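Chain lettering (A, B, C and D) follows the sequence in which the chains are written, and residue indices restart at 1 in each chain.
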Amino acid sequence: MTATVTRTEAGRRDGGRRLVDRVARVRELGIVVALGLLFGVTGAVNPSFLTYASLRDILLNSAIVAMLAVGQTLVVITRNVDLSVSSVVGLSAFGGALVLADHPGVPIPVVIAGCVVLGALCGAVNGLLVGAAKVPALVATLGTLYAFRGIDFAWAGGRQVNAADMPEGFLSLGARSVLGVPLLALVALVVLLVVGWMLGNLRAGRELYAIGSNPEAAVLAGIRVRRRIVAAFVANGALAGLAGVMWAARFGTVDATVATGKELDVVAAVVVGGVAIFGGSGTVYGAALGALLLTGITSALAVLRVDALAQTAINGALLLAAIVLDRVLALRVAAALRRRRFHDPAEPDDRAEPDDRANPADPAYRADPASGRTADGS
Amino acid sequence: MAADLARTARRWEGLILVLLVGVSVWASLGVDGFANGSNVSFLLLDTTEIALMALTMTLVIVAAEIDLSVASTLGLSCAVLGGLWNAGLPIEAIMPICLLVGALCGAFNGLLVTRLGLPSLAVTIGTFALFRGLAYVMLGDQAVADLPPAYTSLATASIGPIPLASVLVAVLAVVAATLLHATGLGRSIVALGSNEEAAYFAGVRVKRIKFWLFVASGVMASLASLVYTFRYASARADNGVGLELAVVAAVLLGGVSIFGGRGTLPGVLMAVLLLGVVRNALILADVANEVLNFVTGLLLVASVLAPNLGAVWRRRTSPQVEGKSVS
Amino acid sequence: GTTKSDVAQQSSASATAAASSAPAADPNAPLKQGLKIAFLPKQVNNPYFTIADNGGIEAAKEFGGEGKEVGPSDASASSQVSYINTLMQQKQDAIVISANDPNAVVPALKQAMAAGVKVVSYDSDTAPEGRDVFVNQASPEDLGRTEVQLLAEQIGHKGKIAVLSATPNATNQNTWIDFMKDELKKPEYKDMELVKVAYGNDDDQKSFTETQGLLRSYPDLAGIISPTTVGIAAAARYLSDSPSKGKVKLTGLGTPNQLRKFVKDGTIEAFELWNPADLGYLASYAAAALASGQITGAEGEKFKAGKLGEYTIGAKGEVLLGKPTVFNKDNIDKFDF
Amino acid sequence: MNETPVLSLSQVSKAFGAVRAVREVSLELFPGEVHALAGENGAGKSTIVKILSGVHRPDSGRILLDGEPVEFGGPADAQRAGVAVIYQEPTLFPDLSVMENIFMGRQPRGRLGIDRRAMRAGAAELFGRLGVHLDPDQPARGLSIADQQLVEIAKALSRQARVLVMDEPTAALSGTEVARLFGVARTLRSQGCALLFISHRLEEIFELCQRVTTLRDGAYVAEDLIAGITPDDLVRRMVGRELEALFPKQETEAGEVALKVRRLTREGVFTDVSFEVRRGEIVALAGLVGAGRSEVARAVFGIDRWDAGSVEVAGRRLRPASPTAAMAAGLALVPEDRRQQGLVMDLSIERNIGLAGLADVRRGPLVSRAAERERARDWAVRLRLKFARLTDAVDVLSGGNQQKVVLAKWLARRPSVLIVDEPTRGIDVATKAEVHRLLSELAGSGVAVLMISSELPEVLGMADRVLVMHEGRLAAEIPRADATEESVMAAATGRSRG
């Protein structure tokens, strides 16, 4: 019982190989490939798809969904979900537009801030229901999805706010470009980078991953779980509020039905972006790429003169293709890594790899399309 | 922890039952036109499709998966029915084909989930669009309405105040409840929903069971499509848009855990009825639609919140039962 | 087995049976007091229907009745059926409905009619056996043709045009589009080509993307017709910020309030619409006339509709509201709806 | 000793509903001392640990920190007071890297947020002290139980706490790692740290600890200086009676070959593994942690796919990657990770026991609850399971009792080939003897038993033959007569080919 022997030396590093591994393991690889395919093929068929004006439109189109996807990621990482975002967007869009139309004296930044606060409040309701009252997130936010929309309807009472009612300075926010990049896309980009950095480099951000990865262990590790979950929901709500004003500025015509049903688009973007729906892994970059892919598909179909009746089907098929591609790539990469490690035992062991075939006993099986790549989300 | 859950579940069904009875009594006394045969009959009939799909959705969610494509499968099946009817096939031949289409849709979901190990939420969001899109491809913008009266009247027929369609629901509910709560397969479903890996280690054929659950879900969706088409005498590609959320909401209200492994069919059926009764009574009472949605949302949240708050409150007041009691 | 042809025979037989048993109308019967009239739009909280139904409720007040608006918040046929059933339970005198699915609501409506409820359809018709009278906002033929004429004038009868519609299943839009296609066959439009019908699903974002797609895939597009209020607003918003503003002409159906800004800034030259408030108003009177026994819905019967004057029921029980108004820079400020 | 204890419990009690898990127990932890907590399964040891760590609030009694009463509102409070805990069951974040698991909530910060380099270095340094070779960047998902346990140890060490509480840290470890851990623990002790140590391996208590507190059925029995008692005394205090010999393996005649594994290979995991197990035989599979023993067992039972080779049961080749086929052929596997693989924690005891044998408790198409309960009760009694009701979720059982449920589940199937992976992990001495008697009895009745164990005394006491694995290959086959600690360890560490 006293023999002291070590296992084979495992921790050695080999710079070049490690870099290749790193690239191969990048969580978002599959979706980047899918994006490349989409733009490549569409551009080849119709080069106007790749013109500056067209790319600018696609960026603009994806800005709002991308921002919602970033917010949703915060929540999904903690093993929760927020289905009520679309209703929050609607509420905030209508509220903002109404203030702008009926009280032209209120400065635009104040209105924007107000919408963000409104969204944050909605998020706080969700957060308290989930974090403090322990209502499963899906149930809670399905409930508030109906409830917030109900408030929106009651508030609007059939009223519509039109472009002519809102100040020109506000509407131009939805269309203006800075250095050739649309302002809305820029806002979304800044949000993306800030949230991405926070998730990767702040203790609070890492704690969100920890909570989603193993909620009970998070409590034992002394993480203030409740506070973090509420914070995630509040942040998501605030982003949805911001997305709401962006919506009003972009589309100009606002009534109580704004963004109805968009929650599924957002969840789809997040899932396609490789964020594990059961929490603990995935990045906001992936989610944003997912949003870009989804809007890219819609735009491509519109440009490709695809028969209108077939669009929905093709949209669904491409979405599935993207998920499958991502998964297959992940399996291939993992299998290749395992084989190589076998022939080169000095490589550190990575036992999180998925098996060649899905296997319920395989830790990766239950997780997202491609777990078993990088461990931490950044 | 788990003992607590089990007790909550028991309490939960109790809660839903109390609510159901309470709302019904209130509506019978306070709302004109609620407590008469034709309204009750209509109310029951109106929950048919949701009830049918909720049966299999319960099984799927207990197995820790989800099927968001049910409403689209329903739409596709309707479109197939319409298309074949236009092509002149006899309706008796079309119906089995529709069920087959539903089975294929379910099998497609099932294969992607079990063979590739993809999360079912992602897969069925994809097929949600795909199946609906195929319905449009199939039937385009046509509406097929000249369906055989023998069948359309059968779909709305009733024995006393009980619609025939509800009898169908009742029979299938008994089958599903027996399956889930009294057979080995049901035990396996609960186990794999709670801990898939342990179930696999215990020899449960995890993948096979999941696959067939998705198939069942598809078949049930197309069965619901038959009821839907005949009931409304209209086959269109956009039939049943948005029903999936209603089904999921009913299942969750019925106390099924979205994380799998927990939930009962009686609870779900009561929840379906509760939602139907509330809607019907409120509409009859001329409550505005926005309030209706608000109430639906509130009901969903409150049904979970109430027992939780109770537990939190008891913990505050007496630290003695802070942990979980075994008794 | 049961096939399509058996059914066709059966239903024609039953149709003739029903037609023979219509009660006679009494054109001089006074409008009953206290009539309960319910408006069932495709969707509540939709600004267009809110205006229309308020017009109808206004009318009900005028003739001493009681109007209300109920309905689903999703534009689906199945939820409309729930409402028809409850309205029947509530023993309303008449239902004024804009059908989400012309067929799916029929069984329920028939049941209601059998229980003595009068049914008027407006905006979007049901199958004829499901209602007594259809109040048509404008003849579809008129609408379809005038839209093409409006656009043709703006683009000088030359160039590629496209249509941005609502959903592929929208009954109204599809009829109008058929008449547009028919109009385009006339020789004066020989230089115009309808290149695509796109569907924005009455969703802001989708309509936006589809407009972009049209401009991308047809760089030489001359004009767009969008016969839906959501579509035209989204297309106008997109065009107003794009280099194509003023170059690609846009017309269609929209409300003046919605499009005022775009008419003033030159994105849109002219578009048209009927007055939705008048539509509801007329439907309300038609319902009252039916419920009072003034009319039965047969061709040639006449009834008075308050401030709008007298109307005659046309073929297939249709009442036509009148010609739509064309809005442009000069007259738009006179309207507020 | 007249110092004040750093942390002490005074007359604490804790009940879970009707179960009185801890009754008026007092305990004092002194700096520079390793204090052992001994008791049978379900005696209340882990409950004490959870009281010390702030997870449970005691119903009565006080916690004293440096002689002052404190209240721990939650784990965060205890951590702030300088208490670090290794829980009985690993509490890792599977999606995060090993280093983040160690430093969660306390990551070193640089100018731009978390300083990964410093974190990596910190983890590497901790692993160095423990002598393990884990990649700090590797995700925790998929770590073997032993590696998880090592990460937990590293995590607790990284807190540099004044009090270190270890709830069965060695249960999944083999001799080498245990020795390392003890080395580290002694260093901490000499630095003035107070340690609480729990283990069912009595020799470990005697090797490491200075003082031992014994619990029986939640109640305090005695506190002794280790120097003053013998293992037999300790067992008597725990069990309340004398125990018969620990490893009563009876000699049996080995019958025909029941399990034959030929040249089994799973790339990157194990290579060219061949062996056979005869009816009536107990074959032990020994080796260091990570040698690939569990992986072989998983592959044989059909959990994992293998790349080459074959498995035969009673002369018939087994379909690969199908646990159902393996079960039909008479195989049973008691897996090493009971929480993940062995049990469905939310289900009741009887359902868990019934899960692997649903076909046996059927009446027509329906499950007979009576038969299911009968079967569960029978095995619960035979394994001396400590439980309140059979309908309780296994979640509320103590760790050792959970292990018994897993055993019951598989034994109830009456397998002809039984593979047990660490069957006595976390099981108390008395029950361990019971399990050994059972295995021996099974072998006697003609069952072929393959036993994976990291506990050398168990291996030596039970096995007719010892197979030793080293780095994914079979390094040696040692017959009972030649099996000694030295010969097995030599093969396990690759120093000799047996």
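Worth a mention:
Quick note on the criterion: contacts are C-beta pairs under 8 Å (C-beta built on N, C-alpha and C of every residue); 3 or more make two chains touch, one makes a residue touch a chain.
Heads up on the chains, UniProt names are A = Autoinducer 2 import system permease protein LsrC; B = Autoinducer 2 import system permease protein LsrD; D = Rhamnose transport system ATP-binding protein.
On a predicted model such as this, the values are computed, not experimentally measured, just so you know.
Where touching is counted per the definition, the chains common to subunit C and subunit D are A, B. Shared contact partners of subunit A and subunit D, listed by label: B. The interface holding more C-beta pairs in contact, when A-C is weighed against A-B, is A-B. Averaged C-alpha coordinates give centres for subunit A and subunit C that are 39 Å from one another.
Taking the mean of the C-alpha atoms as each chain's centre, subunit A and subunit B sit 28 Å apart. Mean C-alpha positions place subunit B and subunit C at a centre distance of 35 Å.
Centre-to-centre separation of subunit B and subunit D, using mean CA positions: 43 Å.
Within subunit A, residues 149, 153, 276, 309, 311, 357, 359, 361, 364 each touch two or more of the remaining chains.
Along subunit B, residues 136, 140-141, 197, 199-201, 242, 288-290, 293 each make contact with two or more other chains.
Residue positions 303, 341 of subunit D are each in touch with at least two other chains.
All chain pairs that count as touching, in label order, are A-B, A-C, A-D, B-C, B-D. Taken together, the subunit D residues at the contact with subunit A in this complex read 53, 55, 74-76, 79-80, 85, 87, 91-98, 100, 104-107, 109, 112-114, 124, 131-135, 137-144, 175-176, 178-180, 267-268, 288, 290, 298, 303-305, 321, 341, 456, 471, 485, 489-490, 493-495.
Put simply, subunit B touches subunit C in their complex at residues 32-34, 36, 38-39, 42, 46, 85-86, 88-93, 136, 140-141, 143, 145-152, 156, 228, 231-234, 236-238, 240-242, 279-280, 283-284, 286, 288-290, 293. Of all the residues in subunit D, the ones that touch subunit B in their complex are 14-19, 56-57, 59, 303, 323-324, 326-327, 333, 335, 340-347, 351, 354-356, 358-359, 362, 365-367, 388-389, 392-396, 409.
If you check the complex, the residues on subunit A that touch subunit C are 46, 48-49, 53-54, 57, 61, 64, 149, 153, 156-160, 162-165, 174-175, 247, 250-253, 255-258, 262, 295, 298-299, 301-305, 308-309, 311.
Looking at the complex, you find that subunit A touches subunit D at residues 1-11, 197, 200-203, 206-207, 209-210, 212-214, 216-224, 276, 279-281, 338-339, 341-342, 345, 348-353, 355-357, 359, 361, 363-364, 367, 371-372, 374-376.
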